[in-house]
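Both complexes below contain subunit A, partnered by subunit B and then by subunit C.
Take a look at the complex of A and B:
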């Protein structure tokens, strides 16, 4: 039995958390690209890497000859890797008309992937999605089949950006990865996180090392006190801060689109033109849009205030009550993306300063 | 790599009968094409199914037939949206998709030897009918039964035949109220919630089951509470937009609850903790 197969057991986790020295390898910086190409060519994995795309935005794309020079390793990518698990738009079923009845075809399409360059916050975001889609009143097959075929390689974040606040949620410490690359001089210390790691092993590039994972990470300047925040927000459902902050809100749904943990989706049918066949698609939806809660009797979250409150409270309170983790990982992408400069941290800390019913 | 089957895949079902109840409401009797599936299908009143009209979409519909009816099930559909209007165009022999049942129904098991008040408004009668059927089939197990039902006008009265039948039964007190009565209407008029103050019913050992518009239920819960009902004695079924029915898509989220998996039936004590207004 391989020692790493024990990595799921609590005792191993405990040792791993408190030992300074962990088993691992060293990968030279100049070997990074050849290593990724090796995974793609030799191991037959589709390598997804953070790049600067042709529009100048940083996002995750499949590694190709064209974009291999544009690898983006300085900080977290603006667009998270969410779309590889929850694509913007995805076909679920094809309903083929057969005489008076129908034949239902399920979409089965996936390739084994390796996701390189996920930051600690991205890994924690993936864990939050797992809670919803793998084990909450049953699983979702589209997500589960994708998740099962993805291997993750994390990458250490040395310098947090101005809107990062991962330390507040404890998501600055990486977890839930197959391999994790710690930044070292001239290379990376490769930490092993799961039994699946063997699929990513490469004898040619992985060297034995006496290095370990000491982190040189700088602290985030943005901070949020997260102790008891779920209960506090629940008590402050009618706090005037919501009204005040929502006056700026455009309900554009940028925050939910960019958020690595926002998962709400809509299911819609479309006819294939010229036929009686139809397709059922799953698309991203957003709680910031008015139609999100519309039924015949009316719209439940009519006001901007109620929709902004839903976003913030789902992140910081509701999800915590359901799954015992926050749905926010402190990546700050919603703050980066908001055209009205609304900040989740700002709202939460204003409520902490002026709570209602606190005596 | 093992492929996991989709929990969202609909089962094919055939419409075997269509009954026009009111100008906007039709009851579809449907049967699964797969005989085994039809045999296995069982539900607790208050649960719902996701019904697909292929090419138009999928919608949550509560089951209005008796849980003891095994050879088919009935869906009462109000033509208000794109999918439900399209469903109204379908006739006998058309094939639709069904999956479910989903959610948590009325905890009828708990009501043994207790009095039950069924309280419904408008098309809330659909899921209530299923509950009444379930209780009525084993009437000797329960105490006194009451039915309060309200609708806009006499011609919009849903399941009038069933109601007339229940009125004649012993130990079953039926009160129907119409918001805007026509000259030939002989029953009560005004809001159904006004009946709570007019009718005499026991409070001890009584449970209230509720389904209808949110505004009606809010007032009704308030009135029942004034009459001395504890929150645990009240069960109300909520209506929300739903796309998946399995607690994933996020549309029916209210606070920490998902109406599709934790509901649609919530007890009064759960409802008290929920942000029902704009939540």
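Take a look at the complex of A and C:
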């Protein structure tokens, strides 16, 4: 973590805002692509970059000759980089049948990756996933193996999109990165964020600079008052807003699929045809689907209202009680993706306006 | 678990349909040949010359019930098989033959139904008349899903029923959403399993895999109206495949 951000002392804040001397370099804009190719060829890293894919959607893909012209750096990608840490379908292990027992085989092979173009919200989303899979319940080996082989390069957002509300959660300040690229005139100011940055250093392209990381970022137009929101939502469990909004909901699960912090998954075993061995797979699941809560006695989150409420409450209330951060990072992807135009911010602000059980 | 399970005896049957689902099974190619190691195909119009009636482990039945002879045939198949799997849109949601159900009365009476022996008043899916153990959705079926179910049933496990809308797979494939562009797509109310084939090539989903139990038709219909679709156009889209007389998405 960056020392300047760790401190809340006013003097430090002053230094941080006005006369910071952060160790950093300068990278010219025309050198960006050669730099990424350098990382791929010389350092042997798999470069993952935001691109416009063949269908016309913006997502993260491996840099190749075909897509190097389609780099997408204007704003955040529609699909987040979650799939590189939690793939939508992943084999956990294979269990081979022996005479009286089973033998478990795991395959752990991951190429070292560098994820370029993560926005500040994406970096904070990764931190939230780390809290779940690395800190809280012990650790998840599948996640850890992938997380430890990834280096991150952040990229500054100059112009937030219409559904961005990262400032409300304080996630507009970048953190948890290895390198961060601040947008400057015809180049980037490169800030160093972790000791691992040396793996990303390139003598040829990184120049010494007198630039600083002062940002000209515009403010988000969408705002959410996050003070005491966890407690407020808890008290408004039966607010009529839930019922009203859920009438529009299609339960298509787009919001949870596209959210950079949604991590719920289902586990299923499959027989391999023609043998007696089986494989265990892990797949994305979604709280918006009835099958998510199916147990032997039935489905306990049967109504659409209860499922929509679970999504919003987990983002803004339940997770905070467990991990002390909000699971929402304010990227606004769920609002972008919802065909029924249901907005998490809208629901929360409606409850703030008309709370029930207010003393 | 038993040690030697032996071969599973299966058969393929066609009622009123195009027999495309059975061909889709053959598209498994090498996997199909491998499957012959644990499976014995006893009855199939395409694969076998002679088809004597025998006891079966799993009967895969495609096609919908149009006439009385279809009905008699399916009841006989049910009696002599342990599991009955409905295969394809015709067998699970009445599908293309079922368009007859959704036609206006005038057009319906003009249909050349004399080609069918003793036609029923409406076209039905299998589960309206017999107990169906498992449904393989799609027009045509996804052959990988077929293999998955075959292997699970062979080992004596009942396959997990996935109740997931197409939108989930469409997002996994990273396709841009058609509904956000104002194109009427049935993805949110249709079962997944097709790897979002149609939205992946920018064609709207027309619901060949059947409607989910959890579908919110009211919200989707009002959305289509906002897109500028007329009532009749919406009805046509909803009843392209989903023509079962008892359950037609509110039409």
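Heads up, the rule we're going with is that the second predicted complex is superposed on the first by the 337 of 359 C-alpha atoms of A that agree within 3 Å, B and C clash if a C-alpha of one lies under 4 Å from a C-alpha of the other, contacts with A are read in each partner's own complex, and residues count from 1 in each chain.
In this section, a contact is a pair of C-beta atoms (placed from the backbone, for glycine too) under 8 Å apart; a residue touches a chain by one contact, two chains touch by 3 or more.
For clarity, every value in this text was computed on a predicted model and none was experimentally measured.
Asks: Touch check for A:268: first (subunit B), second (subunit C), both, or neither?
Replies: After superposing on A, A:268 lies in contact with both subunit B and subunit C.
Asks: I'd like to know which partner A:223 touches here: subunit B for first, subunit C for second, both or neither.
Replies: In the superposed model, A:223 contacts neither subunit B nor subunit C.
Asks: Under the stated touch criterion, name the partner, subunit B or subunit C, that contacts more residues in subunit A.
Replies: Between subunit B and subunit C, B touches the greater number of residues in subunit A.
Asks: Check whether A:314 is in contact with subunit B, with subunit C, with both or with neither, and answer first, second, both or neither.
Replies: first
Asks: After the superposition on A, what does A:339 contact: first (subunit B), second (subunit C), both or neither?
Replies: After superposition on chain A, A:339 lies in contact with subunit C alone.
Asks: According to the stated criteria, A:204 is in contact with first (subunit B), second (subunit C), both, or neither; which is it?
Replies: Neither partner.
Asks: Please indicate which partner A:108 is in contact with in the superposed arrangement: first for subunit B, second for subunit C, both, or neither.
Replies: A:108 contacts subunit B only, not subunit C.
Asks: Looking at A:59, would you say it contacts subunit B, subunit C, both, or neither? Reply first, second, both or neither.
Replies: A:59: touches subunit C, not subunit B.
Asks: Report for A:253: first if it touches subunit B alone, second if subunit C alone, otherwise both or neither.
Replies: In the superposition, A:253 contacts subunit C only.
Asks: From the superposed pair, tell me which subunit A residues show up as contacts to subunit B and also as contacts to subunit C.
Replies: 268, 270-271
Asks: Would you mind writing out the residues of subunit A in touch with subunit B in their complex?
Replies: 92-93, 95, 97, 100-102, 104, 106, 108, 112, 132-133, 136-142, 144-145, 148-149, 234, 237, 263-271, 276, 278, 280, 285, 287, 292-297, 300-303, 305-306, 309-310, 313-314, 317-318, 321-322
Asks: In the complex of these two chains, what residues of subunit C are touching subunit A?
Replies: 31, 34-35, 37-38, 147-148, 150-152, 154-155, 157, 160-165, 167-168, 171-172, 174-177, 179-180, 187-189, 200, 202, 213-214, 216, 218-220, 223
Asks: What part of subunit B is in contact with subunit A in the complex they form?
Replies: It is residues 1-10, 12, 33, 52, 54-58, 78, 80-81, 93-95, 97, 213-215, 239-241, 243-244, 246-251, 253, 255-256, 258, 261, 275, 278-279 of subunit B that touch subunit A.
Asks: Along subunit A, where are the residues that touch subunit C in the complex?
Replies: Touching subunit C: residues 53, 55-57, 59, 78-79, 88-89, 247-254, 257-258, 268, 270-274, 284, 286, 289-291, 304, 337, 339-340 of subunit A.
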